[in-house]
Every structure is written in structure tokens, then in C-alpha cells.
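In the two complexes below, subunit A is the common chain; its partner is subunit B in one and subunit C in the other.
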Partner chain A sequence: MAHQAHAYHMVDPSPWPLTGAVAALLLTSGTAIWMHFNSMSLMSLGMILLLLTIYQWWRDIIREGTFQGHHTPPVQKGLRYGMILFITSEVFFFLGFFWAFYHSSLAPTPELGGCWPPTGITTLDPFEVPLLNTAVLLASGVTVTWAHHSIMEGQRKQAIQSLTLTILLGFYFTFLQGMEYYEAPFTIADGVYGSTFFVATGFHGLHVIIGSSFLAVCLLRQVQFHFTSKHHFGFEAAAWYWHFVDVVWLFLYISIYWWGS
Partner chain B sequence: MSHEEKLKNYRTAPFDARFPNTNQTRNCYQNYLDYHRCNKALTAKDKDPAPCEWYHRVYKSLCPIAWVQKWDDQLEAGTFPGKI
Partner chain C sequence: MYYKFSGITQKLTGSAPTVAYNPQGLKPAIPAESPTMIFATPTKVVSEAGAAAEYMGTNKVPDLQRLFQTSDGVPVHLKRGYPDRLLYRTTMALTVGGVVYCLVALYIAAQPKKG
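Take a look at the complex of A and B:
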């Protein structure tokens, strides 16, 4: 019987990259169709296909790593590089929106009244809900670190408790931010202030939801004994992503909520 | 130089070191604002608004007419976004 003479993972053929690509095409063209021709069919189809791809691709990776042993140390190193590179690309994504914000706010045009915040905009008080949101995310950074140490020390119950608490804090942030969006005295259509505010904080909120989902999957896996004290990269990746989301919020808070008020 | 002499010798807006670059938008806007702020401040104290005429000359030299018309309309309608 032939065995591989190396520690790397030669992945079996899989349909999920193709379904993912098709989903991306349907989502993008579908969104354009929705905006111009009032039909959500293509976009919905793309969304369903994307969710199916996500579920099955990552389920397969868990099977390959946790159940079949393919994630040897060099393979895990590659996964680490991958996650770091991905998060770096997300940093650049947000950098663009910060660039847009500073471009408009550092030299406000006469149309805005030559001032920032622009004339007519009542900003949110940075020391009310936004400050609470900052505390919530910072606390969640502490609880996710507690969860990590619990996993490394083989403390199953504490790992489950701290991970659950982290996810709850994430939900609390999303809930509070949702309320703020509902109650805000300005909308996305209110000039460049509204645009920069809601696009930057909106994408951040989306990343909070993604990060919370990632952590929730880790919780499910922890309950099902997938993680060992020495090997739990899925959790580490989720924790890195969560810290990244927290740091983005800190920059948003300082720049848009505080300085920008 | 008194302001009458300054105005008599006026040809066009002189170099203003506060606005050294090619884009002179802020120069126009600032002088427009300063003219109206000067008028408001001096008439509030019952003083002669003659010194304000300098800003008037500068913004008339620098600003596109369409901008001045738009801002004047906004002032009249009470929708001018700048702080006067």
C-alpha cells in the first residue's frame, strides 16, 4: 500500500471551491439585478449556495483535521500563515474606509459649512452607548483569552463558560449597536458624514457578526471534544479574528465617535 | 495705510500665505465668511462696516460667480451651512 513520504496534506478533489465561485458570481450579479430590476431571485440563490458552501467546506476541513489527522505541524503552520494573511487583507480593507473618513473630515468643504461635524449633523455622544460598546468588546477580549487558557489547561467547563460569555458579549454589542442605528438622528443618506459613519461602522458590525459565528462554531466543537490542550487552531484563528474586530472598533471609536464629534 | 487708500490701490487679491497652494477654494470661502462676519460684528456694535469692504473685494476677485450666487441665496433662505 503506498503512503505519502511527507507531512503535507494533499487535499482530495472537492466541489466546494466551484460552488463558492458560482455563489460569488450569483451574489454579485444578483445584487446588481436587485438594485436595477427589483428581483431578489438571483441574489437569494447566491446566498443559499454560499451558506451551503460555507457549511460543507468547513465541515470537510474539520473532518480532515480533527478526525483524519491530516493537520500535522507543518500543515497547521500553513493554516496559521493563511489566517494571518487573511486578517492582514481585512486590515487593508478597513484602512480604505478610514482613509475616506479622514479625507472628508480633515478638510471639510464649504458645502458642509467648512466644519466637522458638518452643519446640521447631531452626532452621538461618545460617552454614552458607544463607550459601553467599547467596554463590552474589551471585556470580550478578556473572556476569549480566558477561554484560550482554559483550553490549554484542559479545563473543559471553564472553557465552555468563558467562550459562551464571549459570544454573549458579542451579541450584546450587536444588539446595542442595532439600537443605536435605529435611534440615530442621522442616516446613511445624510451627506458624507452619514456615508462614512454607516459604511465604516456597518462593515465593522458585519465583522462582529462573522466573528461571533466563528466563536459559536468553536463552542460547538469544544462541547463535542474536538479540541485538545495542544491542538486547537480553529479556536486560535477565531480568537485572532475576534481581537482584530476589537482593535478595529477601538480605531472607529477614537476616530469617528470621539475625534469626529 | 488707511482702508480708503488700500481700497483705492486694490487691483486684485494679493498673495495670502494662509493659502499657499494652487487650490484657492478655501481662500475664496474664508473671505466670503470674513466679510459677512465682519459686517455682522461691526453693525452689532453700531460701528462703520467700511473695513469689511476689503474682504468683499477679495472674494469678488477670487470666487466663481456661481458660488457667490448660491451662497447669497442660501443666506437669504437661512440655509447657509457656514458659521457667520
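Take a look at the complex of A and C:
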């Protein structure tokens, strides 16, 4: 890379796009085989291949950026655009489920009793665990901002502590939601209420897990001195994603838990 | 006529003299060297006499930078040698095997009646 006359990153040939595509093939056809022939082998193989691809692809990006210096300012700008576009696509993904919820709840059909919540549904009290969950995620938004400022100021110990706290709050949210799911008086099969509730909050929970994992990788990298006070885009991307997850929860809480109860 | 390398079109385009004398990626008044990397400011402990901050391990990044920047033509996914090769071969084996398994499974699934 010392011999190029431009600031962009021409990547080395890599096998991971191919292995990732094959993983997608195995996951999708594996799911179909699981549903019709009661065999999880193909799907599991796809999952393993996906995890291997994820690990090695992102490991290589860390090598290229942190160890080889390929992430110059123009390259970093591209990465920023990329992350912003990805998060935007996720916003549209959730928009669909909110559309489904409002479609069903603003004009409840006679089959539901013409009311929302539908007849027979005992909703969760929005001022109990869901409110605690809201507080937990808002607090985690504060701690992740604290972590960012610590990194920018070169405060290693504080950065590690605040980032750890953020991840613990994320785990606490997941644990509380898990308990709520277990104790809920309704299931996904309970009409359109159950469907919209569990699909929307379920995908949100998955994103909390993904976000927590992203932050955990950042913690590992912070401990290993990968981030500098001026260059730590991996962490910023994780923080953006985490704020997005927080905002989606706020919309879920207001719409489904509170207005919908 | 002065020229610059356009980042958008990836071609040489006309430009003002000032831009031509400041090649892409280098701006005047910004040093070509990246700013001194601050990994951690030392914590103020009396017993530590100016030693580099050590909290949860030592900084191995400079060594890794040296390792990954060796000009040996090895692609980044194999640069660490044996562990990289092992993981790569395992992944590739699962990839090829998986495609074959998938095609067989889909062929069987496509058979009528007892599929």
C-alpha cells in the first residue's frame, strides 16, 4: 500500500463474499428442508458457515484498517456513508412492522370485537417491566456516549468501564424481555395482536443482541489498544447502531405497549 | 492547464493550480504524517514514574502493524500463517461440501410423492 498514488483502498482478493453467499444459500434451503423433512443439518451447516464468514471477514477489515493503515480519511468517509445507509435500510425494515401494527389497530375488525386491544387479550402493564426496559436502554445511551467521550480524551480505564456498563445494560434488557416473553398472558398465535407484538418486539430484541455483540467486539478492541483518540470509527458505528436500537424501542413502547394497551 | 485526479470519475480533470500542487490526500497545513496516536493517557498514580499506561495488558498494535505490513504478497486473510490457513481451509471445505449437500437435498426434495 506504500506504492499507490491515491488514498483509496484496493482490497486483496478475498474468499469471504463467496462463503457468505453459500451460507445464505444453505440457510434458506436448509430452512425449507427443516420445515418439510424435519432435518436441521443443512440449516445448521449454513449457520456455522455464516459465523465463520462473519468472523473472518470482519477480522480482515480490522487487519486492513488498524494494522495496515488502509482506512484513510476518504475511505473512512465511505465507511460512514455505508453505515448510515445500512441503518436507514433497517429503519425501513421496522417501518413495515409499525405499518402492520397501525393498519390492524387503527381499524380493528369485527373478528377482534371491533376494539383494540382485541377482546380476550390481557395486555402487559406499560408501567411495569416495559418502563424499566425503557429506562435501561436510555441509560445505556448515556453510558455509550460517556464511552465515546472517554475514547476521544484518551481515558483508557473510563472507556473500558463505560463500554462494559453499556453492554451489561444491553444484557439486562435482553434478560428482562426474555422474562416478559415467558410470563406473557398471550402468544404469537393470539390473532393479529400476538403477531404484531411478537414480530415487532422480537426483531427489536434480535437487534439488541446484535448491537450488544457489536459493542462487545468494540470493548475487546479497546482493551487491545486498537482505538486512538482521533480514529475509532468501529466504535462510532456501534454507537450509532445502539442509538438506533434505542430509538426503535421508544417507538415500540409508545405505540404497542402504551397506546396499544 | 493544470490537472488533478478526480476522486469521483477516477480520471484526470482540469483544476486550479493550487489543487494541482496539493495532490489528493495531502492538504497544505495538514501534516502528511497522521497525528500522534494516543492509545491511553497515563493514569496519575504516584508509584508509576512516567511509565506508559498499563491497564489490562500491553499494547501489541505496533508489533501487529509491523507483521501485517511485511511486503510478502500474502493476502490479508492468510497473513498470520498457520492459524489463518487452517480456518480458511475449514471454511472452504464446508463451503464446497455444503453446496454439494444442498444440491443433493434439493434434488431429493424435488422428487414427487415420497420427497
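To be clear about the criterion, the second predicted complex is superposed on the first by the 259 of 261 C-alpha atoms of A that agree within 3 Å, B and C clash if a C-alpha of one lies under 4 Å from a C-alpha of the other, contacts with A are read in each partner's own complex, and residues count from 1 in each chain.
Throughout what follows, contacts are C-beta pairs under 8 Å (C-beta built on N, C-alpha and C of every residue); 3 or more make two chains touch, one makes a residue touch a chain.
Everything numeric here is computed off the predicted structure, so don't read it as measured data.
Enquirer: Between subunit B (first) and subunit C (second), which, if any, makes contact with A:187: first, second, both or neither?
Expert: Neither partner.
Enquirer: After the superposition on A, what does A:122 contact: first (subunit B), second (subunit C), both or neither?
Expert: Neither: A:122 stays clear of subunit B and subunit C.
Enquirer: I'd like to know which partner A:88 touches here: subunit B for first, subunit C for second, both or neither.
Expert: Neither partner.
Enquirer: On the A-aligned overlay, A:113 touches which partner chain: subunit B = first, subunit C = second, or both, or neither?
Expert: In the superposition, A:113 contacts subunit B only.
Enquirer: With both structures superposed, pick whichever of subunit B and subunit C touches the larger number of subunit A residues.
Expert: C
Enquirer: Across the complex, what residues on subunit C touch subunit A?
Expert: Residues of subunit C touching subunit A: 5, 7, 23-25, 34-35, 37-41, 43, 53, 55-57, 59-61, 64-65, 67-69, 75-77, 79, 87-88, 90-92, 94-95, 97-99, 101-102, 105-106, 109, 115.
Enquirer: Which of the residues in subunit A end up touching subunit B in this complex?
Expert: Interface residues on the subunit A side: 109-115, 118-120.
Enquirer: Give every residue of subunit A touching subunit C within the complex, in rising order.
Expert: Residues 1, 5-8, 11-16, 18-19, 22-23, 25-26, 29-30, 32-33, 36-37, 41-42, 45-46, 48-49, 52-53, 56, 60, 63-64, 66-69, 72-74, 153-157, 160, 223-231 of subunit A touch subunit C in their complex.
Enquirer: With touch defined as at the start, can you tell me which subunit B residues reach subunit A in the complex?
Expert: 25-26, 29, 33, 67, 71, 81-83
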